[in-house]
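In the two assemblies presented below, chain A is common to both, partnered first by chain B and then by chain C.
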Partner chain A sequence: MHIIVKLFATLRNGRFEQDVLHLADGVSVQHVVDMLSIRSDEAAIIFVNGRHADPEAPLSDGDTLSIFPPIGGG
Partner chain B sequence: MDKILRIDMGASGGPKCTVSDLGEYAGFGGRAMTSAIVSKEVPPLCHPLGVENKLVIAPGLLSGTIAAMSGRLSIGCKSPLTGGIKESNAGGQPAQVLARLGYAAIVLEGKPAGDDLYKILINKDGIAIAVDNSLKMLPNYDLVAKMKQEFGEKICCISIGPAGEMKMNAASIACTDMEQRPTRHCGRGGVGAVMGAKGVKTIVLDDTGMPVRTPNDPEKFRDANKRFVEGLMKHPVTGQGLPTFGTNVLTNIMSEAGGYPTFNFQQGSFAGASKISGETLAELEKKRGANPTHGCHRGCVIRCSGTYNDNNGNFLTKQPEYETVWSHGGNCGIDDLDAIAMLDFLDDNIGVDTIEMGAAIGVAMEAGIAQFGDAEAAITMVREVGQGTYLGRILGGGAAVTGKVFGVERVPVVKGQAMPAYDPRAVKGIGVTYATSPMGADHTAGYAVTANILKVGGYVDPLRSDGQIELSRDLQIATAAVDSTGMCIFIAFAILDQPETFQSLLDLLNACHGLNLTGDGVVGLGKKVLSMERDFNARAGFTKDHDRLPRFFSTEKLAPHQVTFDVKDEDLDKVFNW
Partner chain C sequence: MDRSTLTAFFGVHAVDGLISLAVAEQAMMAGGLSLHEVEDAALAAGYLPRRYERNRNLFSVEDQLRLHRSCVAVVGCGGLGGHAAEMLARCGVGHLICIDPDSFAEHNLNRQRFCTISSLGLPKADAIAEEMRNINPSTQVIAHVEAFRLNRAADLLGPADVIVDALDSFDARAELAAACRALGRPFVHGAIGGWHGQFGMQAAGSSVLEQWLGTCRGKSGIEEQLGNPSFTPPFIASLQVAGAIRILLGKDDMAWGKVFFCDLRQMAFDTGSLG
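Our next item is the complex of A and B:
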């Protein structure tokens, strides 16, 4: 399956802003986080298709996965 | 910091100063001080620009000490924008300097009979008030340059631009930063118009020769401050995210979350978000030799502010904040950082609230005055505000006035005040705060974005109505208390997540004032402030029906999540049941 992955803030360092990853069906968010060598505490906010998701959440073909480190502002 | 300075601007023979002790206002600072004086002394049915309104300027309980982050200045009055009570706060230098000069509050009262414009100098020698009509209609940057020529390099200024002199609803009060730039604004609610109505162009402060405030227990205070700073540095948001990217780091996440109001609240994400994001902004600033990591006042350790240079490498404005990048950016369909930075400079110079201004332009664009995305038209509109043309005066009246004049239905205001950069349909907790805050739509009054989006202080699903009332209630209470300390609200990221950092804040307050405050005491202070504010509003004619969002938020679905604001009215009425 194909997943669009978007990284933000410091997670882009040494990685990318946006990429399309080819993955085995049904892998979890955590699988992608591990694959990208992102520490769990760095993957503080996870969206799948714009909704908050847990690391264990399974991904489906065409999903957009957005990963943020701890951030705040306002 | 044990006295209150009252200046009767309408006294016969010219402005008259009275200095008194704190009396019944002892123990109050910042927002607690401004709201206590306004609720007690201002007739709720008075005209906000009339003789009976008062403008109260108060540093926080910890301002002027060595406590980190203690530089917020609160300004309160009856608001010409909302008709209710107002407290608007800003960073910059004045809170620290005013506190070191010994004043817990300045109260501008009365109204001069003529149209003379006054400047007020406060230093170790006392208070000097003079007519200076050469300052009329000076923009804030020019005004500060002139004051530096006259009073030297050590001053800081509290001032209004042309918008305040024209008594516009969107007029702000500027506070100078460490580099004496008028970049930090008490923006919301038209406080600048009230200062203009009092005939005061600027209050110049100079604390040369005045000592740092001494806490009741200096040793305990130093120890608490050390732990407090360690806590701020340790938390990833206050220690890394904010200093690196500034507040604008939120653009991408809000657009990804579908809660970024775009094209005047028509949709929840913006295709141009990446071009104006905090990541792009910080990179551009570094490339042009500007500084993305800068503190707005002495003692700031988070350093979320910054500077923005034009494409020739010359200073143009401060690093525009997230709310400004949104209001003038995505809200108006504009994805050009140089244009947004120019709008930020113009807002600061003219002296208007960037949120209200961008929201008013968004409403005007919806009315067809210009096309969404037309940055040049937006710049022209803000220039017209500064010139006081008829269109400029309409826009300077705020989003609600602009909507009425041009016959627009989709006007994102509560109690007449424009909503900031989070759509309440997709971030329902902040919708509860917008609806119920005594201030009108104000994100800082109870920043539910923390738990709704950022997973700070827990998690409450932003797209569901469950749990939002409790979330907003707790945050509104905590914020009212923090706003009274002089502390920057961004300390909340650390104190919500780290109990030991919250304890160090309590220890700072206790060591400073010789108190034994507990967490419950802080909650009590927050409730007291909110109760005073709601009492004023009730006497000014506000009812529960004013604690509602505009109807279109309940009837128009917001893409991409196709959600409406569905928190029940009867639940909104429970926010202040404690």
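Our next item is the complex of A and C:
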């Protein structure tokens, strides 16, 4: 299956802004995060098709996965 | 001077439905009233302080009265909080509560609205209260020079209709969101880091941002690595103030339970739903 992955802010460093990944059917959100070597403390929120996703949720063909780093300044 | 005498006075002195500051000051002197009280009476009688003339096509006089009688707590008076307080006062929000334990330091000069050479060393919350008297003297500001703590939430936030999160740590933000849920107040989140910012709103009684911010406890934000420039704080503070004004005016809101992200270097904007 094909998954569109969008990375934001510092997560783009050494990776990419947006890419299409070819993956085995049914892999989880966490699988993609691990594949991209994004540590748990580097990701604050993950959306699948614009909705907050459980890391264990399986992805479907055509899903868009967006990963954002923690932003905490005021 | 009672309300009917005041209304008659406004009727004589209003120009095109507008009351100038000089006329309001005459009413203050004659009636022994504060500007806040005089403008409340003017708005209730359908007259608009001239200060809000350019709000006129955006907010009705009833809306303006509602803002005048509203209270917003700005928790954190640094980059986001200073801009938010100013914009809320210029909109005509009648009561502000500003909470921050810190004083202005040199490293705040690159972005914090009321940090100037002459305000260095002054408590931020006090400095904002003082500046508001010059920007909108009918806005009443209570300054609390202390850190927001959960055990003080009811005392600090009790009078507020809306709470603006302008803090700088995930732990404090998660506690503030929890306090808002417990007190039944809407929570307007904003955060910045480098060229990036985020904004979100939690409705009264909801815990959607509280739960998400709870998962961020202990994480370090990208601002620790990137710092913060002058232009992201007012951008995110604008989204927070627009959200707070929509809530105060009772508009249906499209932002509940959502988080908006911006990247001002790449001009990338994204919104997702937490619910």
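Heads up, the rule we're going with is that the second predicted complex is superposed on the first by the 71 of 74 C-alpha atoms of A that agree within 3 Å, B and C clash if a C-alpha of one lies under 4 Å from a C-alpha of the other, contacts with A are read in each partner's own complex, and residues count from 1 in each chain.
The criterion applied here is as follows: a contact is a pair of C-beta atoms (placed from the backbone, for glycine too) under 8 Å apart; a residue touches a chain by one contact, two chains touch by 3 or more.
What you see is a predicted model, and the numbers here were worked out from it, not measured in a lab.
Once chain A is used to superpose the two complexes, chain B occupies space that clashes with chain C.
Of the two partner chains placed by superposition, chain B and chain C are both touched by A:F68. By the touch criterion defined above, A:K6 lies against chain B and chain C together after alignment on the C-alpha atoms of chain A.
Once chain A of one complex is fitted onto chain A of the other, the partner contacts of A:R39 are absent, as it touches neither chain B nor chain C.
By the touch criterion defined above, A:H22 reaches neither chain B nor chain C. After superposition on chain A, the stretch of chain B whose C-alpha atoms clash with chain C is 185-193, while the remaining options among 113-121, 131-139, 185-193 or 383-391 stay clear. Across the two superposed structures, the residue set of chain A contacted by chain B and also by chain C is 6, 8-10, 17, 44-45, 47, 50-52, 66, 68-74. Note for the complex: chain B touches chain A at residues 235-238, 240-242, 244-250, 252-253, 256-258, 269, 274, 278-279, 304, 322-323, 443-444, 447, 449-450, 453-456, 459, 461-463, 489-490, 493, 560-561. Residues 76, 78-81, 165-170, 173, 190-198, 212, 215-216, 218-223, 225-226, 228, 259, 261, 263, 266, 268, 270-275 of chain C touch chain A in their complex.
Here chain A touches chain C in the complex through residues 6, 8-10, 17, 41, 44-45, 47, 50-52, 66, 68-74, going by the rule given at the top. By the touch rule above, chain A contacts chain B in their complex via residues 6, 8-10, 12, 17, 44-45, 47, 50-52, 66, 68-74.
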